[in-house]
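Encoded as C-alpha cells, here's the structure I'll be asking about.
Read from first to last, the chains carry the letters A, B and C; within each, the first residue is number 1.
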Amino acid sequence: MAVGKSISLNESQFILRALRESKRLDGRSFSEPREVDLSFGDEFGHAQVKLGQTWVVAKISAEVVKPREDRPFEGGFTINTDISSMASPLFENNRQSDDEVIMSRMIEKAIRRSNSLDLESLCIVAGKKVWNIRADVHVLNYDGGLVDAICIAVIAGLLHFRKPDVSVDGEEVSFHSFEDRNPVPLSILHMPICSTFSFFQVDQSEDANDSNNLPERLDPQVVLVDANAQELILSGGDMTITVNKNRDVCQMLKSGGLRVEAYTILNCVNIAYEFAVKTTKLINDKLKEDHAKRNVGNIDQLLSAENDR
Amino acid sequence: MKFSPAEISYLRNSLELPSPIRPDGRSSQQYRPLEATTDFLPTANGSARVRTSDGGECIVGVKARVVKAASESSLINIDVDIAGVRDDSSAVVLLSSTLQTAIQASLPENALKLTDVYSFKLFIDALVISQPSNPFNITSLATYLALKSTRLPKLVSATDDAEAAEIPVFDDDWDQSTFLGQDETRQKWSPPIFTVMAVVGNNLFVDPSVEEEFVSDAGILAGWSADGKVIAPIRIIDLGGKRNGGLKSTLIYKAYSLLQSTAPDVIEALNAIGDQDSLSIF
Amino acid sequence: MILDADSFLEKCIYSPEGLRADGRRWNELRQFKCQINTHANSSDGSSYVEQGYSKVVCIVNGPKEPDGRSHTFLDKACISVEVNIASFSTVDRKKVVRNNKRVQELNTTIQRTLEEAVLSHLYPRTQIDISIQVLQQDGGLLPTCVNAATLALIDAGIPMVDYVSACSAGIYDTTPLLDLNTMEENDLAFLTVGVIGKSDSLALLMMETRMSMDNLEPVMAIAIAGSHSIRDIMDREVRRHGKQRLAKKGNM
C-alpha cells in the first residue's frame, strides 16, 4: 500500500515500540541498508535502481552545444529529477515542496559539484562545441531512501553511457556512428554514493509502566540507516552523507531535526563508507556483466588496436 | 491597518480644517524625524540607510561597473526590492521606473564617462526592509544619500582611446577617488528627490503617516531637483485611502508651492548627513 | 605565469608561520559584532550581526495570525524564513532571484534548524515570520544568518531551548581553519555546523565540498568550539541589552 503523509497511531506506536526493542519491521538491523537492485536497459545510459519498494530510472543523453562564455573548455552536465505524484501521494505534480528542493540540491551537490563527471573531457572544440550531458531521473515508486537510489542510478547511468566518437580536423567536426567506430565512455573521476540516516527519539514511551518491562534500556536515540517511507514519517530528522570509495566525503546535510552528537555523526560516516565500497563494487560488477552480454560477438577485440606483443 | 469609524471621522475632520491638525502634531510641510547613515558598506561604491520614526527603513547600495558605453541602453540601473512584496507589483514598478527616469534625465552626459569607449554604469539597488507607510519617500531619500556618498576610483590610464583601444586602469588608492557629481573635470550633479503628499479635502500633507494615508483622497508624487526645479514625472498615486476620482487643479499648484518651500531644506539636511563619516550602521 | 599566481595564492591562505591571509591564526574567529533590538519600531524582534565583512539584518514578526491554512499547524507555530540577498552584497554585483534553489534551500535549512530550538508547541495556530536581509557577504552566509535569526528570536521574546549558534570551518592540508571568509571558502573544503546551547550535538550540519573522511573530526571539533564562542558573545550582548533596558526602567 502506498504510504501517504501520515500513518495511523497504531502503526506508529507499533513501529516505535519495535525500535525500542531493537527491531525493524522488515527485519533489518539498525545499520543495515536495503539491498540495491541495479539493472541496465537496452540503450546505453539507461539504469534502473530498486531499493526496497523505491524504484528509480535514470536515462543519460548527450547533445552538442556551445559552451558557456566564462567556461570555454567545459562541457555541461544537468540533472533533471522528476518526482511526480506517481511515486507517492507525498509529492505534488508541478510544484516543488521544500523537501524536493533540498533533495534535488543534494543530488546536484553529490554528483555535479563533487566533480564526479570530468567536464573538461566533454570539450570538442574549445569555445565552440562541447558535449552537454543530461541525466533525466524518474521516480516510479517511493519508499524512502530516494536520494540514495537516485544517486546510484545516475552514477551507474553515467558509467554505462557511451557517446559517439568524434574526430576533429581543424574546424571540421565529424561524428561517427556506433557502427562506424566504438562509442566512447564518459570520464568518471569518482563514484559518490549517498546514505541517508534517520534519527529517532524512542524513550518518550507512551505508557511509563510498559517501559519497565523492557529487557534493557536502550540508548534513547536510535539511528536507522536507509529508513523506508513509514519509518521516515516517524523520524525526528535525517541526514544524508555522500562518500566515495577514496574516503572523500562529497556532501553532508543535516538540516535541523533531532540534535545528534558529533561522534554519532562520525560513526554514520563510517557506515556510509562501508555502503559506498559495497555499492561501488556492485555497480562495477553489474557493468561488467552488462558489458559481457553486449560483447557476445567479441567486437571489442576486433576493434581494439592493441595486440599481444 | 484598520481604523474604527470614529477614528476615521476624527482624522478626516481634523485634517480637513482650514488650519489642519495632524495626528502627530506636525505642520503640513514637516517631515517625520528620520535617521540616516551613509557609506557603511565597503563593498559598494556608495550606500545609505534611512529610517523613519514609524519603523520604515530603506537601504540603498550603489555599485559602479566599467562598461562599453555604446552597448548599454542606459548607464543607470535601478532595482527596488520591497520585503514581502512581489517584484512585479505596481508599487515596485512605479518606484523603480520613476526613480530611473528622473535620475537618468537629470544626469549630465559626461558624469559617468571614462574614455571615448568606456564608461561607468551605476547599479542602484534599493532594499525596503519595512514600510508601514508609502515607501516612496524613504527610498527616494536613501537613493539621494547613497548617490551623494558614491565614490568613483580615479582613472590613471589615458582618457583618449579613440584610436588605440585600452582597458581603463584605476588608482588603487581610495583616497584619490572622487565623489560622484563632485569631480572638477566634470559637470557638477546632484540627484533629484521625490516627495509624497497626501491630499485631504483642500489640504496637502508632506510625508503622510499611515493614518493620514488611510483617510486621504489621493496622493501626489512630485520630484525636485537640487537646483530648485520641479521635475517630471508628477503623478497622482493611490495611498490606500478612498478614491474619489480626480483632484482639483488648484491642489496641483498648491503641491508645487509646498514642494518649493520644503525641498531646499530637506536637501540641505540630507547634505549635512552626508558629510558625517560612519562605517557601521549601528 | 598562471602557476606562479596559483602558488602565491596557496601561500596566502595559510603561511608556514601559521598566519592566514587576514592575519588570523587557525583557531581564530573573525570579529563578531552583534546587536539586538535594532528595529524596535518596525518589528517584534530584530538583530544585526557582523561576522568579519558579512553583514546581516534580521527581523522577526510574530507569533501572529497565520497567513493561511498552509501556515496553520494545530500543534505548533509555523516558522517561516525568508532570506533576501541584496544585489550589492558581493564584490561583483549579482542579482539573486528570490525563488532560486540555493536561497530556498537556505530558507528551509535555517527554518528546520530553528524549529529544533524554539518551543513552538507553546504557540499553536500561529506564525512566526523571520526575514533576513543580507547586506554584505564575505563567507559564512549560512552561519551568519542562523546567528542573526537566533538573536532576533530572543529579542522577540520567543522561548527557546538555548541559543542556536553556527560556525564554519575548513581544512588546509592538515590544518583545520575556523570561520572562513570568501577567499578561503573558494579554495578549501569546509563545513558548517549549528549547535544548540553548549553541547556537542549538532542541529545543523552542511558540507558542500569534498573533504577527506579523516579530516572530518578535527574540522567538526573546531567548528563546534567556534560555535560555542559565538554563543558566549551573543549571550553577552543579550545580557548587556537587558541590563540597559532595566536601567532605563529604573530611571522612570
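Going forward, a residue touches a chain if its C-beta (ideal position, glycine included) is under 8 Å from a C-beta of that chain, and two chains touch if they have at least 3 such contacts.
Here the structure is a predicted model, which means the values were calculated and not measured.
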item	value
Length of the shortest touching-chain route, chain A through to chain B	2
By mean Cα position, the chain sitting nearest the middle	C
Distance between the centres, which are taken as Cα means, of chain B and chain A, whole angstrom	52
Whole-Å gap separating chain A and chain C, where each centre is the average of the chain's CA atoms	30
Between chain C and chain B, distance of the C-alpha-averaged centres to the nearest whole Å	32
Footprint of chain C on chain B - complex, ascending	41-44, 47, 51, 53-57, 59, 61-63, 65, 79, 81, 83-84, 87, 123, 125, 127, 129-130, 132, 280-282
Residues of chain A that touch chain C when the two form their complex	98, 101-102, 104-105, 109, 113-115, 237, 239, 243, 247-263, 265-266, 269-270, 273
Chain C to chain A touching residues, read off their complex	101-102, 104-105, 107-109, 111-116, 191, 195-196, 199-214, 216-217, 220-221, 224
Touching residues on chain C, where the partner in the complex is chain B	33, 35, 38-39, 41-43, 48, 50, 53, 55, 57, 59, 82, 84, 86-93, 95, 98, 131, 133, 135-136
